[in-house]
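First chain A sits with chain B, and in the next complex the same chain sits with chain C.
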Partner chain A sequence: MGPLVVNEIITENTNLFLAFIIGIGFGFVLESSGFSSSRKLAGVFYGYDTVVLKVFFTAAITGMLGLLFFSLFGWIDLSLVYVNPTFLPSAILGGVIMGLGFIMGGYCPGTSFCGASIGKIDALVFIGGLFLGVLIFGLGYDIWEGIYMAGSMGDPKVSESLGLSDGVFGLLLIVVALAMFRVAEWAETKWPREEY
Partner chain B sequence: MKAQNLLALILIPMGLIIAAVPPNTTKPYKLTAGELLAEVNTRSQYVTPETVADMLVNKDPTLRLIDVRSSDEFEKFSLPGAVNIPVADLLSDKYTEILDQGVKMNVFYSNGTIAANEAWMITRQLGYSNNFVLEGGLNYWFDSIMNPQKPDNTSPDEEFAKYDFRKSAGMALGGGAPVQAAVDKTAPSSKPAVKPAQKKKKAAGGC
Partner chain C sequence: MTKLKELKKTKYLNPYVGGVLLGLVLLAANFVAGRGLGASGAIKSTVVTGMIAVAPAATENSGFVGEFRDSHGGSPMKTWLVFQMLGVIVGGFISGALAGRLKLKVEHSPGITSRRRLIFALAGGVLFGFGSQLGRGCTSGSALSGMAVLSLGGFVTMMAIFGTAFAFAYVFRKNWI
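This part shows the complex of A and B:
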């Protein structure tokens, strides 16, 4: 049955419309979970608030389980689901730049728009920086292209690289995630923050 | 109960289930029997020998002839530029890239049309498009293109036009002589190597 667009069950436009609706829901949940506060977001780096880690890992393993079960029931053909191609050097470099920006600015790109939507000044400044970064990357593409496109690995899955089945790797990831939640909660009591 | 414990209680059993069951490798069929029957009834999968001959003579790069007979038969005779994918090996991974694509016009042929139609039906059910069947197969190819029969003098002009086209196409493709002669001309040189497919193509999309 799925993916719906690839199998032409819904059109590209319907797909975009659904994405719009889901996007609104996503933004609403982000805001109501406090993701529009840069102090809360940055807390994951200092240990006083690990909600970012918990929310995103819960979302990831929930989505993963959903896809695996859908595939098991024959509701979705996982070989047709788009997987971002892996460029390891640029992924690491990009991760470092993004992480630095996250610590300094207190937002990641998505949550900055979340904060801007309720009128946070720091979020607006962050978005300004984001566009600056986009401009620098776009105009200087010739300079970055070498690093950007280096080390193409296709679209491997971690489970394939480890020689595990998707299900076994999924279980491992769930156990690791739950253990991480424990560590995160311990960190919150270890390095508490009075008020933010 | 703490939210985290509740989460663990739900997620760990689900993880255990998904780890224990084998992955689903079945491919959902794309067409229902009714849809396939409708396509078969319109005979839209057929390409006439004239069309193929015309494309061959004009060296149309979009044409890809696929010989679905056994490799022995393929060695003895094949159409110019054809690749050999016996029906028995149709589902082999290395041919996926040839059969599942949106650029070329794949034309299956066999001696008659049965094997070619088998190949067409299977690929159609897998959801591949751009695959067709040479109408009448090789037998009709020889009758119509390689050794066309001159129509009766009383035939309409169209018949003569068709005959002239067939005759000239047949000549261009090494016909107009006994079939045996054509066999020698299209010996191994007309056999491009089938490159094994690197990886299955995925639908683009995502964020």
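This part shows the complex of A and C:
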């Protein structure tokens, strides 16, 4: 059955319309979880507010389990679902640069649009920076194409790389997440903050 | 006072409930489109469109535009992530309106000025924008969506983003605490 557009159950235009609807859900959940506030987002790095960690990992696990169960029930063909390709050098270097951008700017791209949608001027300026950063990458593409394209590994699953089945890896991820949630709850009582 | 504290605590969604809902949105995206959520991809679409519009001849040989054209047919603005990001703006606005959070302001720690906050927001945005291209997606597209489909790259990028932010938290602490 799924993915609907790949199996031509819906048309390309319906797919784009549903993208808009799914986007509304995405933005609504991000904003109501507090992701429109850079001070809440940055809190995870100082322990006073760990909402990012909780929402992020709960979402990743819910999505992962949902896909595994949908596949088990025959509702989705996972071989037709896009798995992000792995280029190790650029994945690490890109992640490091993004992490630096995160702690300096207090937002990531998705959350900055949420912040801007409720009137955060700092989020709007961050978005301006995003466009500039993407443009710099685009204009100087020849300079970093080497590292960008280096170390292509195809699209391996982390479970395969570790020699585990998807289910066992999923279970391990849940256990790790639960442990992190424990630490997060503890951190919030250890480094509490007033209203911000 | 306790009541006020209670109110403050409950004005946002419980994070675990929010996480499950976000996971369901992510599942819906995969079920409908065979791909996860994203954000930086929409910015890339816009930048590519702008580059083509401003300097059509110069972009003819651009590796960046060429690579984008290879992976996306048709108009760069008629892509899944552009429509999804338009939805994000609407969804964020609706949630903010319902919760009474619509307000024009520069949000910053009382210890720093608005000016300092905006300079760092701009610099952080530039870095995040650049990094999202090098890393083939941001926190949404690469880390979150990648993790749900168990992509090795997704996990690596996620650890690099959060690990680096943690590592530099001390350096930039004045901005936040």
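FYI, the second predicted complex is superposed on the first by the 196 of 196 C-alpha atoms of A that agree within 3 Å, B and C clash if a C-alpha of one lies under 4 Å from a C-alpha of the other, contacts with A are read in each partner's own complex, and residues count from 1 in each chain.
The definition used in the following text is that a residue touches a chain if its C-beta (ideal position, glycine included) is under 8 Å from a C-beta of that chain, and two chains touch if they have at least 3 such contacts.
Computed from a prediction, not measured in an experiment: that's the story for all the values here.
Colleague: Under the stated touch criterion, which partner chain does A:192 make contact with: chain B (first), chain C (second), both, or neither?
Modeller: Once the two structures are laid over each other on A, A:192 reaches no partner at all.
Colleague: State whether A:72 touches chain B only (first), chain C only (second), both chains, or neither.
Modeller: So A:72 only meets chain B here.
Colleague: Once the two complexes are aligned on chain A, which partner has more residues of chain A within touching range, chain B or chain C?
Modeller: The partner making contact with more of chain A's residues is C.
Colleague: Name the contact category of A:96: first (chain B only), second (chain C only), both, or neither.
Modeller: Only chain C is touched by A:96; chain B is not.
Colleague: If you stack the two complexes on chain A, which partner ends up touching A:123: first (chain B), second (chain C), both, or neither?
Modeller: second
Colleague: Given the touch rule stated above, what does A:178 touch, chain B (first), chain C (second), both, or neither?
Modeller: After superposition on chain A, A:178 lies in contact with chain B alone.
Colleague: Would you sort A:18 into first (chain B), second (chain C), both or neither based on which partner it touches?
Modeller: A:18 contacts chain C only, not chain B.
Colleague: After superposition on the shared chain, which partner residues are touched by A:167: those of chain B (first), chain C (second), both, or neither?
Modeller: A:167: touches chain B, not chain C.
Colleague: Between chain B (first) and chain C (second), which, if any, makes contact with A:151: first, second, both or neither?
Modeller: After superposing on A, A:151 lies clear of both chain B and chain C.
Colleague: Go through chain A and flag every residue that touches chain B in one model and chain C in the other.
Modeller: 3, 5-6, 58, 61-62, 65, 80-84, 155, 166, 181.
Colleague: What residues on chain A touch chain B, complex-wise?
Modeller: 1, 3, 5-7, 58, 61-62, 65, 68-69, 71-74, 77, 79-84, 154-155, 165-168, 170-171, 174-175, 178, 181-182, 185
Colleague: Going by the contact rule set out above, which residues of chain C touch chain A in the complex?
Modeller: Those residues of chain C that touch chain A are 8, 12-13, 15-16, 18-40, 43-44, 46-48, 50-51, 62-65, 67, 78, 80-81, 83-97, 99, 101-109, 117-118, 120-169, 171-173, 175-177.
Colleague: List the residues on chain B that touch chain A in their complex, please.
Modeller: The contact residues of chain B facing chain A are 4, 7-8, 11-12, 14-16, 18-24, 26-28, 30, 127, 199-200, 202-206.
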